[in-house]
Amino acid sequence: MANRKPYQLVSREWKKEDTTFEINGVCIGKDLVMIAGPCAVENREQIFTISEYLSKLNIKFLRGGAYKPRTSPYSFQGLKTEGLQLLREAADKYGLAVVSEIMGLDKIDEFCEYADILQVGTRNMQNYPLLKALGKSGKPVLLKRGMSSTIEEWLLAAEYIVSSGNDRVILCERGIRTFETATRNTMDIAAIPLVKILSHLPVILDPSQGTGLRDLVKPVSLAAIAAGADGLIIEVHNQPEEALSDGDQSLYLDQFTDLLPNLRAQAHLRKKHFDFESSYEFSNLS
Amino acid sequence: MANRKPYQLVSREWKKEDTTFEINGVCIGKDLVMIAGPCAVENREQIFTISEYLSKLNIKFLRGGAYKPRTSPYSFQGLKTEGLQLLREAADKYGLAVVSEIMGLDKIDEFCEYADILQVGTRNMQNYPLLKALGKSGKPVLLKRGMSSTIEEWLLAAEYIVSSGNDRVILCERGIRTFETATRNTMDIAAIPLVKILSHLPVILDPSQGTGLRDLVKPVSLAAIAAGADGLIIEVHNQPEEALSDGDQSLYLDQFTDLLPNLRAQAHLRKKHFDFESSYEFSNLS
Amino acid sequence: MANRKPYQLVSREWKKEDTTFEINGVCIGKDLVMIAGPCAVENREQIFTISEYLSKLNIKFLRGGAYKPRTSPYSFQGLKTEGLQLLREAADKYGLAVVSEIMGLDKIDEFCEYADILQVGTRNMQNYPLLKALGKSGKPVLLKRGMSSTIEEWLLAAEYIVSSGNDRVILCERGIRTFETATRNTMDIAAIPLVKILSHLPVILDPSQGTGLRDLVKPVSLAAIAAGADGLIIEVHNQPEEALSDGDQSLYLDQFTDLLPNLRAQAHLRKKHFDFESSYEFSNLS
Amino acid sequence: MANRKPYQLVSREWKKEDTTFEINGVCIGKDLVMIAGPCAVENREQIFTISEYLSKLNIKFLRGGAYKPRTSPYSFQGLKTEGLQLLREAADKYGLAVVSEIMGLDKIDEFCEYADILQVGTRNMQNYPLLKALGKSGKPVLLKRGMSSTIEEWLLAAEYIVSSGNDRVILCERGIRTFETATRNTMDIAAIPLVKILSHLPVILDPSQGTGLRDLVKPVSLAAIAAGADGLIIEVHNQPEEALSDGDQSLYLDQFTDLLPNLRAQAHLRKKHFDFESSYEFSNLS
């Protein structure tokens, strides 16, 4: 925690109070947010089935990839515009807000039309022309940490967006690349409280990308909330074994359902509540 | 999670039930354990002051380095035998068990005389002659993860101890080495639930070494318990700013006191209790 | 070296002979190429001074950043269009080809007008929309390895370009991110011969970015040629201590001059010659 | 290259001239040294066959593991004392010096009896009791870099040995652990010239451990000499496909033979000669 920090607008020194902003009735940065959905939009039935399920659980944010940044040019690249349109339709029907990844600055208008939060993926965290364009887009941005980016570089990427005129930025820790191969990435849990010290921006965690193994999603999600995260983004699929991408790390619907009360209990320990909690009472905690 | 695992005796396949064993009245592996104390034993007053303090909080395990593995030969190397003797004296007076790091196999007898749990440090995780000797020592072993060891290598190091005749092994995640320099190491939180799936051995977490920053010790400790850890080992000092080693990561005594009820609440969510909890009642959690 | 490789068109299995193509009279992939110049174009005097110097040494390729991907939004971002124009003017006057980094797909036309080789920087190695656009641009591409990209991911990034219709791709190893902080990055020297086994594409090395220290540029450059590299890209500045970016890793002009005969000797050991060698004779080597 | 260095006796500031010392007629630190042999001593026939072969090539140093630090307790652990005795016998018959790895300080006397250079493996680089004991042993030490050790930590490990009274230390870069899995480790080629700037100690490179792939041994060996290394340690086996350990990275005998003239040519470029060169003439190099 060096004294002279290279970022300004995103720092706690610049602004002491937590940044908060409302999307779909949820006050991000104050209430804990849950974003859920499939890795990729695959077809109408899939995204409507999942959206209906999420809405019954009172989830407010739907994630889904329309443009997929795949390591191989021969892998499924997403449904593109059609994927965004399906997301919008399903979200409108079930009262959800749409979170989807934008890969190129030529798609800004399209994403502004169909999505509510524009996600910057790990490979584009230092795509500065894109960051600047998002700074001028007026839309909330979910900024994933680069897979080998330091916390300082991550905050500087956020500074690119904020200094371009947009302070509605949600940071997202999604695991970093290390020598360990037992998990897909290494979740940097200490980054959560450290970012909360260094910055006023909300920070959430992606346990699906971070671990790559669905059995680790629950314990890591609980850990994230215990450590002070402002929310989670979790991959959920109605048929993970049939998923076109990242099936191994997607929760079954009933696993996701089972996770929610445990998260609520964690939230209560912090005297916070999750956006999916319809009624809310403090429990007495010592 | 490959199918054919190179370790056997430490695997869940070999033994389905959690390994548990009693030390100083605490059932390790069943109850959650708290090990606290200074990085290094510095003098009689220091270790007795801290020990008295811990005993008042009902802490049962005292950590303290007598032989210190320092990166530089010119740094404080520990009080050695005298340090072990001071630990033993203080522990006996205040009802504590002693946890201390052994660096060489020529010191086995000395450690068996003075310590209750023999700690293998991160630099010695693959010191196989030492591991084999500890396997024959009859003493419980706290095996820290090597700073660049995979989970598989870590479990194989434990296999060295267990296959030499000693199954009282406590694994300890202490952070791994990555490109990130904002924290001393990167806490691999997902390693906790993954090890619990792969092995029946208890696993604890060291947030002090793992983060290197005292302000991160509390949130990371809570995260560890939320993720399923069997306990914690935490550096506490009566005068951190005067500490001969690792002062920046040592908690002040009142910070440590403040941490305990929060940990207790986390334990209750898992229907577990910490060894420092004298009375114990389940709260109703959904 | 797994048997089933996820890339095809860039693989040795697909095409046994080395890919070669001519730019500015040099047969890339056959002759060894030297690309030199400043990190960033700063002003007319700087780029013309350096270009004149390089042309006297018979260097054929001028590098220079016009759009700079800087970690901080407050750092010098490059002269942009003006920088590209200055590069073109200087290159035309001194018989050089221009190599410059493109950051966004909205600049393809501009770069096609002013540059001869379009460089993809380490932060954009997985900017797939950009890679696809470059595949259709018809211009040679210099593809830097991502700072935390595996060799497989790097070759798959090249596959994106080649499968989009452009097989004039030069790979560039520029160091990877590791725990070591003594150098700016860690040069992965083994990547050079490994890529030559796996792929038919030419591969060069950037010792300036890779080490971050000008005193290491010479030995690492010699090592790269010894290991089989098809060339080098080196930062050279007429006044490194005044440079607006990366001065510490830029060679002084006389250091660069001194390097050349040593590189020529290395080339002769491989029975190759560098593009700056005007006359050329094999020495007898056992 | 920070100004205040934590090591002293091993630094260039302390001693400007290169450290040199003679073993088996070779002036280490002045002449380039070649250490070759199998990963592990397996039986009499194997070690005598390889030793005879090496002696015919005028190689002066035989490597071979007698005590093997294996990740699994169930892997071949070496022939132990018998292995050391076989090494000594073969070495004496064929005029070789013995290099072998010592894992525990209880074996110092045994190694002093049978070996000429005591190797500290990567897992023991920070085994400080062992380093101190080696500092008092009076025997030359080959100190491998820890697989996740910084250059500073490596030099401090050497400082432990030198400050204990032994300045005959050879540093050995053997690759570091990174995210890249295409090679066993990542060879840090820049560490060679950087260590030569920072320290007066000789530094060699192990391309076998460093790459894990025999096809990369030749190019990486040539690169090491081009970058300024004082020698190499290479795994050679008469039947690699039958080797009890590390067969994939061991050179066939004829591959090793083929490597030597190429290394000699590299040495000549530096106006150095290798210990296996019986006659020696400078070629004229510009």
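When the chains are written out, they are named A, B, C and D in that same order, and each has its own residue count from 1.
We adopt the following convention: a contact is a pair of C-beta atoms (placed from the backbone, for glycine too) under 8 Å apart; a residue touches a chain by one contact, two chains touch by 3 or more.
Everything quoted here is computed from the prediction, not taken from an experiment.
Among the pairs A-B and B-C, the greater number of C-beta contacts is found at A-B. Overlaying subunit A on subunit D by C-alpha atoms takes a rotation of 180 degrees, rounded in steps of 5. A separation of 49 Å divides the Cα centre of subunit B from that of subunit C. Each chain gets a centre from the mean of its Cα atoms; for subunit B and subunit D, those two points are 36 Å apart.
Subunit A and subunit B have Cα centroids separated by 33 Å.
With touch defined as above, residues shared between interfaces to two or more other chains in subunit A number as follows: 148, 177-179, 181.
By the touch criterion given at the top, residues 148, 177-179, 181 of subunit A touch subunit D in their complex.
Residues of subunit D that touch subunit C in their complex: 1, 148, 150-152, 176, 178-183, 186-194, 197, 210-211, 213, 215-216, 219-220, 222-228, 261-262, 264-266, 269, 283, 285-286. Of all residues in subunit B, only 6-7, 69-74, 103-106, 123-124, 126-130, 147-148, 153, 156, 159-160, 163-164, 177 touch subunit D in the complex they form.
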